[in-house]
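Quick notes on the structure that follows.
Just so it is clear, A, B, C and D label the chains in written order, and each chain counts residues from 1 on its own.
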Amino acid sequence: MAEATVTTRLKKLINTPESEVKDALAGMALAHADLIRVEYDPNVIIRKDAPKKGKVGLVSGGGSGHEPMHGGYVGRGMLDAACPGAVFTSPTPDQMARATKAVDGGAGVLHVVKNYTGDIMNFEMAAELARGEGSQVNAVITNDDVAVQDSLYTAGRRGVGVTVLLEKIVGGAAEAGYDLQKATELAKKVNANGRSMGMALTSCIVPAAGKVTFEIADDEMELGIGIHGEPGRERTKLKPADEIAEILTSTVVKDLPFKRGDEVLAFVNGMGGTPLIELYVVYNAVHQYLTKEGIKVSRSLVGSYITSLEMAGTSVTLLKLDAETTKFWDAPVHTPALRWGV
Amino acid sequence: MAEATVTTRLKKLINTPESEVKDALAGMALAHADLIRVEYDPNVIIRKDAPKKGKVGLVSGGGSGHEPMHGGYVGRGMLDAACPGAVFTSPTPDQMARATKAVDGGAGVLHVVKNYTGDIMNFEMAAELARGEGSQVNAVITNDDVAVQDSLYTAGRRGVGVTVLLEKIVGGAAEAGYDLQKATELAKKVNANGRSMGMALTSCIVPAAGKVTFEIADDEMELGIGIHGEPGRERTKLKPADEIAEILTSTVVKDLPFKRGDEVLAFVNGMGGTPLIELYVVYNAVHQYLTKEGIKVSRSLVGSYITSLEMAGTSVTLLKLDAETTKFWDAPVHTPALRWGV
Amino acid sequence: MAVTTAQLVDWIERYAAVIAEQKQYLTGLDAAIGDGDHGINMDRGFQQVLIKIAPVKDKDAGTLLKTTGMALVGSVGGAGGPLYGTFFIRAGTALDGKAEVADADLVAALEAGLKGVVERGKANLKDKTMVDVLTPALEQARARLKEGASIADALSAATDAAEAGMKATIPLKALKGRASYLGDRSIGHQDPGATSSYYLLRTLREALADPPQGASTSTSYVGREQQPTS
Amino acid sequence: MAVTTAQLVDWIERYAAVIAEQKQYLTGLDAAIGDGDHGINMDRGFQQVLIKIAPVKDKDAGTLLKTTGMALVGSVGGAGGPLYGTFFIRAGTALDGKAEVADADLVAALEAGLKGVVERGKANLKDKTMVDVLTPALEQARARLKEGASIADALSAATDAAEAGMKATIPLKALKGRASYLGDRSIGHQDPGATSSYYLLRTLREALADPPQGASTSTSYVGREQQPTS
């Protein structure tokens, strides 16, 4: 009985909750056969021409439900492999160990890990396994979410939007021949120079759970959410887009802090269920706010790049740019979700 | 009172329903200053380097709420200008007349019009105005939606997914120097060789209306929808993604008909509120169905490219390819929403 | 008797007020079988009309109606914009330069407007559009004038015919416009454009009533119609 | 008295059954302060465990528990996978080669498992995690055995302590794991991992009860716990 009710709430284009990730992987493999190959059990998305001899391998991973992250970023100039876990659940060490082995071209492998307890622990176990098999492995942890208080005594900040930018920039550097040490340092620099904050208008339904993670009234929003459909730091009354954009942007700006004269990449991200027209409304307010503060937007990205299933909402990520990061942001990239210069 | 209730149902990232389109245009102008420029009153998005002397101008337009269509397709190798109407309302003749004038490089202008009574009438009036001002204007009408019965005595089929493919292909041809006549013929060929069908899990909220266009139960779906949040031809029980994909694809295949041995571009589109992971689940089923039928998928596109605000759902478009259409599909394109080869 | 520009201004202002009042209702009708914007579009358009006609209220009837039509074409969009726009532009063209309009000339001008609507939209009778309201209404008006009735009485009969035409769209299957995409599912719903056209006749009758009816911001219709039918 | 591999198999099967039964409840707890997957993850993992332990049920206790842990690491993901996986792998390592396990060795093995959890997750007491259940529970078990109690009685006391530890997570503010992102909003909710760890003790008590308790598919807990607290 309870099961039946649950099923009817599943307004999703899936076959079964259990098969969703594999069905989507099969679709990706067919749609992007020129760029990637997919292995199952353990599930890994691998750049078609991996391993590239002498190139540092870039491996990322995380729960599914954040598409196009990470599978959509596998390809030339970005990731060498991605490990998709169950929906909103970090993948398992065997996936990452396999990915690491598959992309190790002899120059070592860098793991890009978002700062979640589960991701960190699973990647740690994977690195132990991969090192046991002779790979040189470094890891960089992204933790850019200013909504979460940072402290030595807590799990610290979540990794969110900066992860996408980091994968692009470090992917460009790896393609250009950076060694493992330099790639690791660049990754740490990107993470150190980026900050994000998100908000949601609605929650989302984890297929296996079959119901919304949280209920929210028609006139409310959640501020300071992550990317797992979870409630945020604070629930407040819904506000106009300009005000929401200002709350997110000003909080991000104050945190680093970004200063007058800084050049930034401004990234307005959709959570999955928000239409593009609204993201441009938000981008307008973000850009204008930054301009007013004397911060120069020299690069931008607007779209749904790191999502929480069908959650409606947005996040704002700012990355302070310098010559090195700008160069590798602009470098050619050819993946299912990001492509330019090629 | 009624107004207040309405406002609280508006779970959208907007400032006011009235300002949404202009705010989004301002955001686009800021985010893509390298590609486009935006004019207001009348609202037009124009390719930055238009008019291109001696190049046929390609102008499209339609209601807003379908982003990235059409503004996201303005740029090298695709549209020269797009006219955004109010949400789901075709633009007015003054917009199209201005766009036509702005992009006319002396080789004439081709209007891409989706087959809706309003769009057709407004574009007709615009063409009369533009011709009055000395521009040579042709129009091509897209009407690829197999869910609608075609007849001389009705409004005929709606223009949906094929519009995007046509704008890319004809845009490529115009960039390559096709004259107005040849570009018009190519456009007609693309339309004649393409078919689409869509479905929805949810409706959407037109901001100015403030409530969902239709109510739908948790275990139902609408089959044969258009792109205006309107109900479709038929309401049925929700089915697994594979069955939905088969219904859409088989109906499309039978209509043209697409035959064993044909090469096609398979386009799985999201309606705006559907996460990418689900689109890949659908794409998997579409591709497998086509393969089983002996139809070769030689190009594919998966993503939310022609949307209905935050509606959840998908549409399947197939386009029969030949050497000419394949060549111009592959040709370089550089717009806010589609980019490759450059 | 002759109709003045001031009376026509009164008509347009009454109509703009009714559209504003019935915006949600018209939009609800359109949501059922279209895309849910007819009231919004018409209201946006007539708010523009009120602005645009301000400087031409003293001019001739032709200028007034053409200005109205141009404002609609430039602001309504959708199907409604070109159709109502064409209606007013053609009617205005027929009245070019006339400060006072003879009763028969007024009806002839409206007929010219309808002809423009049909040329633009190519709708036949019973396609479930505004044409199903305008056609019988103007036939009535013409017939009554011929029988010697006053313009007020002629428009009274026309409004009754318009109302009947509007209601008669309910059982029809739509063959034109967006509602036609619904096929049989369009049956059982009243056409939004037919409804806004009925208001057009009704407000004209009020503006030309003898003696004239109350203020142009009359809200007497609110009760029944504000509830969408679906 | 000594514990047999068969009894440990019974434990794991009982635990898998309880997890399956409480899947929605655990997921509901996690939805309130985490990401709503704890029950789903644990159930996916223990369904795998049931498959993977089938061929090793006759082997030594160490092999059984290590196989369990490896199956969890390879199928649960999230925080639960490495934590419960490490717990079973470490406990199994401590029992390597033993077909019969002395009572004190069993408790020592579980303590080794807990040590692994703390090394992996670096949680302190009162961080609102499964550590808040396992720590007092194993302290009780160790103390009772020292006092000369049977393993059944020791685990009874341990289960009571586990339950108390689980409930004591409610007023805590989470400092580790996903719930910590909520800050003060995590207060007032029972920790999902603490809850699944309480089941771990309770099913072990049942499996080693003297005389043994009913079938491993017992559904006696359904009533109270199936309702999520928020």
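The working rule: contacts are C-beta pairs under 8 Å (C-beta built on N, C-alpha and C of every residue); 3 or more make two chains touch, one makes a residue touch a chain.
In this text, all values refer to a predicted model and were calculated from it rather than measured experimentally.
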| item | value |
| --- | --- |
| Any chain in contact with chain B as well as chain D | A |
| For chain B and chain C, chains touching each | none |
| Distance from chain C to chain A - Cα centre to Cα centre, in angstrom | 54 |
| Inter-centroid spacing, chain D versus chain C (mean Cα positions, whole Å) | 74 |
| Centroid distance [mean C-alpha coordinates] between chain D and chain A, Å | 32 |
| Separation of chain A from chain B, taking each centre as the mean of its C-alpha atoms, in whole Å | 28 |
| Per-residue multi-chain contacts in chain C, two or more chains | none |
| Residues within chain B bordering two or more other chains | none |
| Chain pairs in mutual contact under the definition given at the outset | A-B, A-D, B-C |
| Chain D-facing residues of chain A, complex | 2, 42, 63, 85-94, 116-118, 121-122, 124-125, 145, 147-149, 153-155, 158, 206, 208-209, 213-214, 226, 228-231, 233 |
| Sites on chain D touched by chain A in the complex | 24, 27, 31, 34-37, 40-41, 44, 73-83, 120-121, 175-178, 180-183, 185 |
| Chain B to chain A touching residues, read off their complex | 8-16, 20-21, 23-28, 30-31, 64-65, 67-68, 72, 201-202, 218-219, 238, 240-242, 244, 272-285, 287-288, 297, 300, 302, 304, 307, 309-310, 312-314, 339-342 |
